[in-house]
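Structures incoming, each one as structure tokens.
Here subunit A shows up in two complexes: once beside subunit B, once beside subunit C.
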Partner chain A sequence: MERTSNLLDEAMAETPNNSVVLIEDCVETSGAFVLHHLMKRSLSPQSSSLLIFVAFAHPFSHYDRILRKLGCNLVMQKDNKRLLFFDMLMPQRSDEVAGKTGLHALYHKIHKAVEMASLSESNKHIVIMIDDISVMEIAANGCTDDVLDFLHYCHTLTTQFGCLLVVLTHEDIYSVADRATILLQMEYLGDVLVKAEPLPTGLATDVHGQLTVLNKSNCNSLGSSRNKMHNFQFRLKESSAEYFYPGSLS
Partner chain B sequence: MAETICRSLRDGALEGEHAAALTIKDSITSPFGPVVFNHVLTQLSSFILAGKSQSRGLVLIALTQSPSFYANLFKTNGIEVASSDKWLRVLDCYTDPLGWKDQLAKCGGISNSSTSTAVSSSLCKDVKNLDKLFTLLLELGRGVIGAEKCRFSVAIDSISVMLRHASMVSVAGFLSNLRSHGEISSVFWLLHEDLHESKTSAALEYMSSMLATIEPMTQLANGLIRESTESISFTEQNFDRGKFNTRFKRRNGRVRVVCEEFSVDQSGIKFKSFSSEDAVAQSIVPKLQFNLQLSEKEKNDRAKVVLPFEHQGTGKSIEIYDGRKPLNDEKLGVKPSNAAKVQTNVASGGGEIIYFRDSDDEMPDSDEDPDDDLDI
Partner chain C sequence: MAATKTRTSSFSRNFSAVPSSRTPGLKNGPNGTVFVSSGIPDLDKILGGGFPLGSLVMVMEDSDAPHHMLLLRNFMSQGLVHNQPLLYASPAKEPRSFLGTLPSPSTSKDDKTRDHDVGQLSENGLRIAWQYKKYFGEQPTSDHQNVKLEYCNEFDLRKPQDRHFLNGQRIECISLRECSNMSTLLDHCSTFLSQRQESNTTCAGRIAIQSFCSPQCHFSDLDWDMLSFIRSLKSIIRASNAVAVLSFPASLLSSSFSKRWQHLADTLLSVRAIQDEDKELAKLLTGYQDMIGLLNVHKVARFNTQVPVILDATTFSMKLQKRRFLVLECLNQAPVDGSSGSSYGTTGSCSGSSKTGSLDF
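Let's turn to the complex of A and B:
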């Protein structure tokens, strides 16, 4: 296994277990690979965490194919009960209890799963991932307040059960005028902000973009504030990604 | 002026006035509002514990952090949590603000989720109803101060969350009810300015006697962090420090604005007086061997020097002889004489100069070389 510590891992190493990680990307540079990387990391044999994945953007088969290339079999993990996959692509009318919005019902499912997992001692750490907040907004019929309420309740899970919450969103779909609310709300909520952007200098063949990792949690007593901000570039390959500091590409 | 803010909150409501109120305002470019809020909270708590403040208790409305977070915060700042029953109540609007967990528990889905924390807290399951919240708050406050005739303080850890759940009008009503209540000594709250329209933050500022604004050290030219290539260096610069502007409103309407700097590290937040102006002035003057600056004493001495043709403060106009006959003498009918007393300095009291002219046609000092006495 070529699993060596890379810059992304180093940057995320200081992330406390019970924090909120917000991944922001844009049309030119997708941040999905960060999500894949974190998926792989939480499902790796070294860790013993349970992954609860809420898929709004892509079906299970999509993630299965990608993660298999990264060397992680999702079907097997599902059978091992290390992965709980909530497919939100299909409209699930049967689940909707009268008087509840879809997200309310979804929260109940997640909460139950988290509580079950925390009762059984085998899984030490729980990671909740939501693959696209912007699609969740569509599922909530554009009601951002519902999304924010849902995220608040997920945040209570992080403090109550020590979960890690990872969410992905797009920053460029919100216009500057009403840039307010949801994106800012999420930035206030997030402890760690991972931003995927295209290179400021333009397109390049062997550098696909830059990542900025901002660690805002100051309750963390380790590490000086200098280590709290990381900026590096990345190159995506078929089965992995390379991370390097600007100008240090061999 | 973070110290002054904490002192004002400690001193509480003035006689016959509303409770002291503080708005802490931040934005995403410098999101240190919670840090400042926690700082003020711990300062006020230690004042209350020491019995120095007007208020005898504190009710904290927790909307963005759990009660256990605050218990930890107090513990790390050296404030006794075990005996916090006597002065602290937490109104927990964080754990279950909309009653979702309650519903789930009723369905039998989850076990009782109430976790015991070190601080005594009570759960609020309907944040949208501010009237209920207000009565709950008063109950808690009265519980902490007992039957005595004294006051308590209120802290709201994010008014922005409250504004999301309720309308501006009801939040404003809630706050002004708090301020005008006789048992409340001081109120403070945190506002994320960029989540709201400017009229909302203006309305909240009107209701507060103090305003603390947290700003980045440098402003971006276009005001946007997005799509600017300098955003990384901007974030780096403002990552652990910022500007802290405070505005105090006295009851006579006088407004005082003070600027400070702060820096944040693991140990907390540190304030220092704003020094960039001095730094700029010092950096402009290059390092020279000459002394270009004056000391304070030298400045005073310079101010005392009387310049040669300055009127020397007798109140009278001073006549300077230019060789002609004085106009006044003719008017008064005084016989012009060669031996005219030309100039007398009366106020000097002591001596006087008497000058006799030899003749009118002789130009004064005409036969002498004016530079004769120079020793070159």
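Let's turn to the complex of A and C:
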């Protein structure tokens, strides 16, 4: 599975560099592994991209250990200036984020980093990842408008500098109608939607869940909806993840 | 580290306490995590070792029944037995009085009853290990140090905790009613954690917060503040070696906020009482008479790894063994003809996900 591109890569292929990827998950099935996969891909030796990671959910050590098992050393990437890790977990910094100025400050940091990177090396591709939008909402004290503004600003970055923006959020939070605006807006912004769900039949040891990938960019380029929707199942391991079509466990 | 790695096989249960001559009640787990015991041996087993240090455990309460208290009591008592500092917050006016209801470990006082008990519960190997340990490590000097040798004790719910446990160490109690807002509570927690880290870094701390969003706390209109409290608590817990157990009545929250809380939990459990005279259920489940409630495991903390834990079962029955010990058991479902037919139908239509399992092996 490692050497060739897997189903997830295939489904996300032809995504232009300046697009938005939205990962949705739920309590039963975490979608964080898609984030890990994209982290690894953008930090791989073949690509020369810069990764800006905004961590709201887990500390650096957590990601470091996971990515090390996937074969990517985050500490080294940090030293090589290919990874910028913004730790937004600690409360003293979250105070700073609370309210409008906090998210502003965060955006300015990101904006500055993106600008610097695009100035120094013209061809460098930039990836921005935010690991939990729902926690960002908490940091903004429930002011969804601020979060939306933030995302819109980041979205302009993607068009201006050709960044890839990857955000993770939890879908089941927004099942109630009145809170759904932010999810709908994010889904509208997203060029690729990745949805992680548990199996409808319940837990199984060899199938950990299913992924639905909706690739809007595919459909644009071809003018038809071919390859638009991908649906497959996955099984996670420490060092990799397996993706397979339902009923064809490889 | 190495010492725990080498210990295997028959000694595993008792010797989890070996590295704990300095750090009582800690056990090394996979991926660089360290476990503390939940105080319920079965729950530890289900969760793969216990609650990992740095995790936030949330328990969804049954609003009609106090089953979450059983979990909290055992969790707190286990901490006292291991001489770990404890912070307890509850909406009661006098939270300290709750300490009087903590159960005491069954394995205390005279060794004879203890050995007898253990012999009943497991094989002889444990007793050998126990006696071996007595010759080996530092000599146990008093009763409660005998008890300390175990990573996880059995608690006798009918026997109150010894006085010396309650007096001997730092136990902080906070009434949530007196916390005018969440930040005071958070300050309590962070000072508790930082004090502990100054004094003794090897010792794990325990925070137990009971019925966090209950109406008595007057937090009900502060949804976002509560969330940000939990988020801050989670991050300070993660950075220190402590475990927090927070129980909350999920039914009082709106469904979207309840989901947010659940997402913030590292380990998520829920408890539910069962009706006395539920004939339907009694017919379905064997051993229904002894059950006092059901425990659901929704989420198991995954630190430093992306592989989810897939449990064999997520629902367990809570039973009181000999009316004293809390045990968790898998539900034993009595086969019912009518339902088995329909369940076959669903597995057939589910696009082979369950079929593929059998093909793989």
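By our rule, the second predicted complex is superposed on the first by the 226 of 250 C-alpha atoms of A that agree within 3 Å, B and C clash if a C-alpha of one lies under 4 Å from a C-alpha of the other, contacts with A are read in each partner's own complex, and residues count from 1 in each chain.
The definition used in the following text is that a contact is a pair of C-beta atoms (placed from the backbone, for glycine too) under 8 Å apart; a residue touches a chain by one contact, two chains touch by 3 or more.
Note that this is a predicted model, so its numbers are computed, not measured.
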When subunit B and subunit C are modelled together on subunit A, clash or fit: fit
More subunit A residues in contact - subunit B or subunit C: C
Partner chain in contact with A:Pro200 - subunit B first, subunit C second, else both or neither: both
Which of subunit B and subunit C A:Asp149 touches, first, second, both or neither: first
Partner chain(s) touched by A:His104 [first = subunit B, second = subunit C, both, neither]: first
Partner chain(s) touched by A:Asp79 [first = subunit B, second = subunit C, both, neither]: neither
Touched partner set for A:Thr181, first subunit B, second subunit C, both or neither: first
Partner chain(s) touched by A:Lys216 [first = subunit B, second = subunit C, both, neither]: first
After superposition on chain A, the shortest CA separation from subunit B to subunit C (Å): 10
Subunit B and subunit C footprints on subunit A, overlapping residues: 176, 179, 200
Partner subunit C, residues of subunit A touching it in the complex: 27-30, 32-33, 36, 59, 61-62, 65-66, 69, 89-91, 94, 98, 134-135, 138-139, 141-142, 170, 172-176, 179, 199-201, 203-208, 233, 236-238, 241, 246-249
Contacting residues of subunit B [partner subunit A, same complex]: 28, 31, 35, 65-66, 68-69, 72, 94-98, 100-101, 104, 107, 109-111, 113, 115, 164, 192, 194-196, 224, 226, 229, 232, 235-236, 239-240, 264-266
Parts of subunit A lying in touch with subunit B, wherever the complex brings them together: 104, 107-108, 111-112, 115, 145, 148-149, 152-153, 156, 159-160, 171, 176, 179-181, 184-185, 187-188, 200, 212, 214, 216, 218-221, 224-225, 228-229, 231
Partner subunit A, residues of subunit C touching it in the complex: 31-32, 186, 190, 223-225, 227-228, 231-232, 235-236, 238-239, 254-256, 259-260, 262-264, 268, 298-299, 302-308, 310-311, 314, 346-347, 350-357, 359-360
